[in-house]
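First the structure, in the form of structure tokens, and then the observations on it.
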Amino acid sequence: MTYSRTIPIEFCHCDPAGIVFYPRYAEMVNHMVENFFLEVVGHGFGPMMAAGQGMPTVALEMAFRKPARLGDRLDWTLVVEHLGRTSARFLVRGEDRVEARTTVVWMDRDFTPSPWPDAMRQTLEAHHA
Amino acid sequence: MTYSRTIPIEFCHCDPAGIVFYPRYAEMVNHMVENFFLEVVGHGFGPMMAAGQGMPTVALEMAFRKPARLGDRLDWTLVVEHLGRTSARFLVRGEDRVEARTTVVWMDRDFTPSPWPDAMRQTLEAHHA
Amino acid sequence: MTYSRTIPIEFCHCDPAGIVFYPRYAEMVNHMVENFFLEVVGHGFGPMMAAGQGMPTVALEMAFRKPARLGDRLDWTLVVEHLGRTSARFLVRGEDRVEARTTVVWMDRDFTPSPWPDAMRQTLEAHHA
Amino acid sequence: MTYSRTIPIEFCHCDPAGIVFYPRYAEMVNHMVENFFLEVVGHGFGPMMAAGQGMPTVALEMAFRKPARLGDRLDWTLVVEHLGRTSARFLVRGEDRVEARTTVVWMDRDFTPSPWPDAMRQTLEAHHA
């Protein structure tokens, strides 16, 4: 399964060249992961933190293939590209403009890397590409 | 008439105290004005700029009444509080958390303050509070 | 006394019109207040939070008088415009481009508004304009 | 030669976990490249754009090795890791916290990839690691 969302390119995203400023793409990648966990995995970042859990990003790779402009509405997709015992790498794409790989680690109460809980793992596996 | 949108409070908006970092509210205010013009007034910021037009913000006042937290979904509203010949002041509210007044000036092709075109003025008047 | 800093206008600050995107000015105002407290008042925001103290911003007014452009180096100044028992309003200016008033409240350990500690009050009074 | 700058970690950079929000690292990487070009290569991004030139980022890889916290002052370094005919890859490091590789392409007046002008190439070669 693929998780998808549309992100409109707004004024705040764009640089003096009139295209998306690439650090804003990093925010969009985070937005995709955050909402995938909120809507699909069933773990919002707020309750996660309140429970002493966390999911830090340890690596991010982005390729900017074509510029996106103010007014574009980009369809984004997210799949799990690699699922480790305590980590996951997501492939997050914004059409033919940007392709990102982001790796997170699951941290449980003692804030050390911990195996994915079963229910989370099943959802992540269902989105394995 | 009142223009309204819901903005979810996401990780990117929040500061080390776990509440919205107030410069992010300024982005939300801009988002409200930008989408009001795109969806209701019928002037996206992209085509505006391509036509040599613009609508710079000349003043912004914000009162932060109660904190908003990660996971909150804030219902925002926008009305026209004052309509001048070449300017407009919007009252933009995010529930009981934040109240903003933002003043813009309409700039036409020579990039000088210009009277609102009739169609725009009518829409703005319809949203006068 | 006036506290001052120079802020170079960089690519990340600028919008498709090639001028500073005004929510970035709100970040600059916060930067001025934060560094005034770090360098002059002697209270970094990190130690403040670690001590269960805080200084939320309750109001911000900004007037954008002239655009600032990529490559400009703006000289900013900060003075205390009003000093209350538990609050302070700062006047923060970026040359002839932007003028901001920002109001903060001092919160002590129970995270309720508290009178400024004597040492802080003295420093704030010394910067009263 | 290595280009270096210190970046203080401020309130605006930090997330609800009290550490740098990783999209802000992408801004810091851009800040390093931008200031290297301004101060060392002698090409500010403003004059570049005014001359119809540009230097889009086509790829960014970041590894987040250890968290940086509010109040830290990170020493950053930049070297040229690979110098192509029309492109360059920079290795940009923030101490032992973050390691980034960012690839840019030189675009001349027709906004197509163009060979680095001689003077720029010499400076880039002098910073080849």
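Lettered A, B, C and D in written order, each chain numbered from 1.
Definition applied: contacts are C-beta pairs under 8 Å (C-beta built on N, C-alpha and C of every residue); 3 or more make two chains touch, one makes a residue touch a chain.
Chain identities (UniProt): A, B, C, D = Acyl-CoA thioesterase.
None of these values were measured; they are calculated from a predicted model.
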Of B-C and B-D, pair with higher C-beta contact tally: B-C
Longest centre-to-centre distance from chain D, chain (CA-based): B
Same-site or different-site touching of chain A by its copy chain C, using the half cut: same
Repeat of interface A-D, chosen from A-B, C-D or B-C - more than half of residue-number contact pairs shared: B-C
Rounded Å distance between chain C and chain D, as computed from the means of their C-alpha atoms: 28
Length of the line joining the C-alpha centres of chain B and chain D, rounded to whole Å: 33
Length of the line joining the C-alpha centres of chain B and chain C, rounded to whole Å: 23
Multi-chain contact residues (two or more partners), chain C: 11-12, 16-18, 21, 23, 27, 30, 45, 49, 70
Complex interface listing, chain B residues touching chain D: 11-12, 14-18, 21, 23, 70
Of all residues in chain B, those that touch chain C in their complex: 16-17, 21-24, 26-27, 30, 45, 49, 54, 56-65, 67
List of chain D residues in touch with chain C within their complex: 10-12, 18, 27, 30-31, 34-35, 44-47, 49, 69-71
